[in-house]
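The structure appears below as C-alpha cells.
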C-alpha cells in the first residue's frame, strides 16, 4: 500500500506562448499540468510593453491620442473616447451636441467590430474556422465606414479634445443604415452556426465559471462582469457623453446552458451587446443634429488646469479608466491607463485551475484580452 | 485479384517465385503510390476550395500562369507540394533521431497498405483477400505507432500531448468502427471486400439500390457510427484534438518540416480515402451504380466507386469547416457513451432483423 | 527668428512688463515690433494663468477644521472611525489622504462596513510627486451597491517607500500593486508575490520616477538614443 | 433512470439537429459563392477607395491617410509640423535668406500659393515614413497646407499610393528639400563662405 501511495503523477510545466496561435498576442502562460488537467496558470506579460505612460509624460495632450489608439488596437475609437471624455471633464469643456452623437456612433460601431473579432476568434480557439471569417467579413464593412470617415482603418486618431477631427461624410447616414440592415440579419446566422452548436455549447458551458463576487473583487468589468450576472455598465450607471439619451438594454448572463458566469455566458453577452449597439446607432442616427460645428472652442495648445481626474468609460472590454494628473503645463504630469483587459487576465488563474489545457484556451478566449492594452 | 492476375501473366513465375513475387508487389505498389500522390493533390485543392467557398471567399485563384496559381488556382497544390519538397528538413538536436526519421514512414505505411484491399472496380483490386475487411481494420491502426513515435521522439511537450491524445482517440474509435462492420459481416456472411459488394447487387422494388445502408434501420445507423468513427480515426475536425492547431500548435507534427511533414499530410489524406472507401464498400454498394441500368457495366465501376468515395471525403471537409472541436474528455465520452452502446445495440438489432425478417 | 533677435525681443518685453511701453513702440522694423507685442501679450497671459493655477493650490492646503457641509458621508464615516489616520480631506470629501500605517485595517473597514461597501477597486495609480520628494499611491474605490466612490491617497517617502498591501482585500490590486512596484519601486508590504509585472525581472531602476535615467546598455546591448544619420 | 435516458436521447437529438443546421448554413454559403464572395484578387483588382466627398462646407476632399507629401515650394519653414509630430519623424532645418541672393532654380524666395512671403531657405526637410504613425497631426497646424497625407485637400497634386514598400530602409526616408550646395546656401544667406 505504501508503494502505491508514493506513486505520484509528475507535474509538467508547459509554456503556452509567447508565440502561440491562441494567446491573442504575445502572452506567455506558464501552465502547470498533471496530464491534461491544469493545476495553475501563471500569466507572464510585458512582451509588448511600449512605455505608454512614461512616453505620455513627454508629449503634449494632443499627441497622446495617437498613442491611446495603439493601446487597444481592436477598439481604438473607444480608447480615444475614454481619453477625450476624461480630458474634457478635467478642462470643463462643453462639446457641441453633434460631436457627442458622432462619437457615440463611432464608439458603438467600433464596439461591434471589436465584439465581432472577439467572438470570431473565440470560435477559432474552440476550433470553428468558418464563423471567424464570416465575422471578419462584417468587420471589414465597419472598417470601411471608418476609412470613409477618418481615413484610417485601424488606428484612427479621430476624437480630439473638444471635438472630432473631421465631420461625417455627406451620405454617412445611408451608409450606416445600409450596414446595419445588412448586419443585423447576420446575427441569427452566427447563432445558428456557432452559438447554438452543441459542440460549442459542450465546450463552453459550465467551463471557467466566474462568480460575481470573484469578478468584482478582481475588478473584472464589461461583458465579462455582465456574463457573471452583474448589471453594471458605465454607459448606463455613470452616463457620459449622450448615452443617457438612448434607450438600450444591458444584457447580462443568464446561465442558459450551464452555470451563471461560464464562458458561454460571456460569449452570449457579447453577442447580445452587438444587437444593442445596433439599436443605439439607429437611435443616434435619428437624433443627430444635421449641421453644426464639430469643434468646441479649445485653445490650440491644450493646458488643463492644475488638478487630477479619474474617469472611466465603457470600452468593449470593460471599464477603461484614465487617471490624468495635470500640473498646468501642456504635457501630462502623470497619465495612468486602467486597462480592462489587465484585470480580466488577472482572473485567469482563479477560474481556470482544475480544467484542461483546451479549456484554458477557451477561458482565455472568452475573457477577450488585447495584449496591447495589457502591456501598454 | 490483380496480384494473381499479374503472377499468371509471367510465364516463368514458377521458376523464380520469390523474385517474381517481389516484382509484382512493386508493380502494384508504384501505381498505388502514384494514385495517393495524385489524389492528395486533388484533395488538397478541394479542401482549399471547399473551405474558401464556405467562408465566402474564392480561395486560390490566378489569372494566367506565372506568378499566380494558374487558372482557378489549379497549380496551388502543385506549388504546395513543391514547397514541401524543397523546404529544409530540420531534425531537432535533442530529438531521438532514428525514431524521428522512422515515424512518418510508419504512419504512411499504415495508410498505404490498407489500399491493397480496396476494390476500386470489379477488376481493379490489388488483392481480394478472403479476410479483406478484417485486414483493413487491422492494419489501419498501424499509424498510431508512428504517431506515438513522432510525438515521443520529437522531445517536445506539445508533440507528446498530441501523440498521447491521438493514441487514446484512435484506439477508442477502432471499437465502434469494428462493431459497425460486424453488423455488415453478419448480413453478408463474408469478409471479402468483393464478396460484400456482390451481396449488395440488385434493387429493391426495382428502384432502391439493395445497399446495406438501406437494408434495415440499424444498418442505416451503423453507417453513421462507422463514418463518424472513421472521421475520428483520420483525426479530422471535430475530432482533430491530436493536431488541434489552436491548442497544441500542431500536436505530434510540431517539430516536423519539409518532406517528413508532407508524409504525415499525405497519410492523413490517404486515411480519409481509406475510410471513405471502406464505408462505400461496406454500406454504399461499392462500385455499383445507384440507379438501375445507368452505367452499370463493370467498366463504370471505378467511376462509381471514386465518386462515392470523393463525396464522403467532401462530407468530411464539410464537417471540418462547419464544426468546432471537441475536448479530449468529451471525445472519449462521445465514443464510449455514445457510439459504442449504439453500435452494440445495432449488432443486436441487425441480428434480430435478420432472424425475424430475413 | 535668430537668437539675437529673440533676445532683443525678450529684453523689450521685460521692459514693457515693467511699464516701459516705449521700448516696444520705438522698434523700427514692423515685423519685429509685432512679434514683440505678441510675446508681451503671451507673457501677460502666462502671468495671469500662473496666478489662477496658484489659487486652487492654496486652497488645497491642509485644513483640518473642515465643516460637515463640505464632506461626503464616506469621509464623515472614516473621520469618525479613524480620526487619527486622516491627514487631510480634499475635494469636498471625495478625496482623503491617509497615513500608510493602518491602511490595511481601514481598507477592510471600507470594504465591509455596510455604509461603505466599497467592493470594487477601480484603479490604483502610483504617482511621483516630484517636487515634494514623495511617492504617492491613489486608490479609486467604488461601491457596486451604493454607487458611491472615494479616492484614497497615501504618501510615502522616496528613499524607503513602503505601503501595506491590500492585495487580499481587493484581489484586483494584486497586479496593480505589482505594476506600481515595477514602475515606482513602492514596496507593498505583505504582498504575496511582489515581482515586476511589465519590465523584465532584471530591469534596474524605477522607470516612471521623475528622476529615472535611461540606462546606457541592457545586457550589453547599446540603447539607441539617436537614430543614425538623423540628428 | 427514465429521466436520465430522456436526457441522453435529448442530447443526441440536440446534437444532431444543431450540427445539421450548421452544415446547412455552410452549404448555403458554398453554393452562393458567386454572389457572396467578398474577396478580390488583389494585384489585379483593388478595393475602390472611399468616395471623395466628405461633408465639409467649403471643400470636398477625402481624408485618406496613405503617406505624407510636402509641396516644398509652398513650405515657409515654420516648423509647426515638426513640433506637432508625436514620434519625431519630421526633421527640418532652415537658413535665413533675407539678405542674400536669389537662387532661381530652387525658388526659395517669393510667395507661396497662399500669398505668404517666404523668408527661409529650407536646407533639409526629411520625413521618415517608417516611423510615421499616420496620425495626421502634422497636417492640421500647417499654415500653407503644404504638408498633407496624399489625398487630402491637395489630392490632385500628388496621386494616392498605398503601396510604397522599399527594399532599403533608407529609401523610406523621404527627402523633400531641394538639393542645394554649400556655396548656394552661403550665397543665399549672404554670409560669404563662413557658413557651411
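Just so it is clear, A, B, C and D label the chains in written order, and each chain counts residues from 1 on its own.
The rule is short, and it goes like this: a residue touches a chain if its C-beta (ideal position, glycine included) is under 8 Å from a C-beta of that chain, and two chains touch if they have at least 3 such contacts.
Predicted, not measured: the structure shown is a model, and the values here were computed from it.
> What chains do chain A and chain B have as common neighbours?
Under the touch definition, chain A and chain B have D as mutual neighbours.
> Give the chain pair, either A-C or B-D, that is connected by more C-beta contacts.
A-C
> If you average the CA atoms of chain B and of chain D, how many Å lie between those two points?
53
> Between chain A and chain D, what is the gap in Å from one C-alpha centre to the other?
27
> On a C-alpha centroid basis, what's the spacing between chain C and chain D, in Å?
Whole-Å distance between the two chain centres: 36.
> Touching two or more other chains, which residues of chain D qualify?
Counting only residues that touch two or more other chains, chain D contributes 19, 22, 25-26, 29, 38.
> Could you list the positions in chain A whose residues touch two or more of the other chains?
130, 134, 137, 193-194, 197, 199
> Can you list the chain C residues in contact with two or more other chains?
Residues of chain C never touch two or more of the other chains.
> Across the complex, what residues on chain A touch chain B?
Contact set of chain A toward chain B: 12, 14, 20-22, 36, 123-130, 133-134, 137, 193-194, 197, 199-200, 202-203, 356-359, 361.
> Chain C touches which residues of chain A in the complex?
45-46, 49, 51, 53-54, 57, 214, 216-220, 230, 232, 237, 303, 305-308, 310, 312, 319, 321, 323, 325, 328, 333-334, 336, 338, 342-343, 346-347, 350, 375-376
> In the complex formed with chain A, which residues of chain D make contact?
Within the complex, chain D contacts chain A at residues 11, 14-15, 18-19, 21-22, 25-26, 29, 38, 50-51, 53-56, 62-65, 84-86, 133-137, 140-141, 149, 151.
> Taking the touch rule as given, give the residues of chain C at its contact with chain A in the complex, in rising order.
Result: residues 49, 52-53, 56-57, 119-123, 125-128, 130, 138, 140, 144, 147, 151, 170-172, 174-176, 183, 196-200, 207-208 of chain C touch chain A.
> If you look only at chain B, which of its residues touch chain A in the complex?
It is residues 51, 54-57, 157, 161, 237-238, 240-241, 244-249, 321-330 of chain B that touch chain A.
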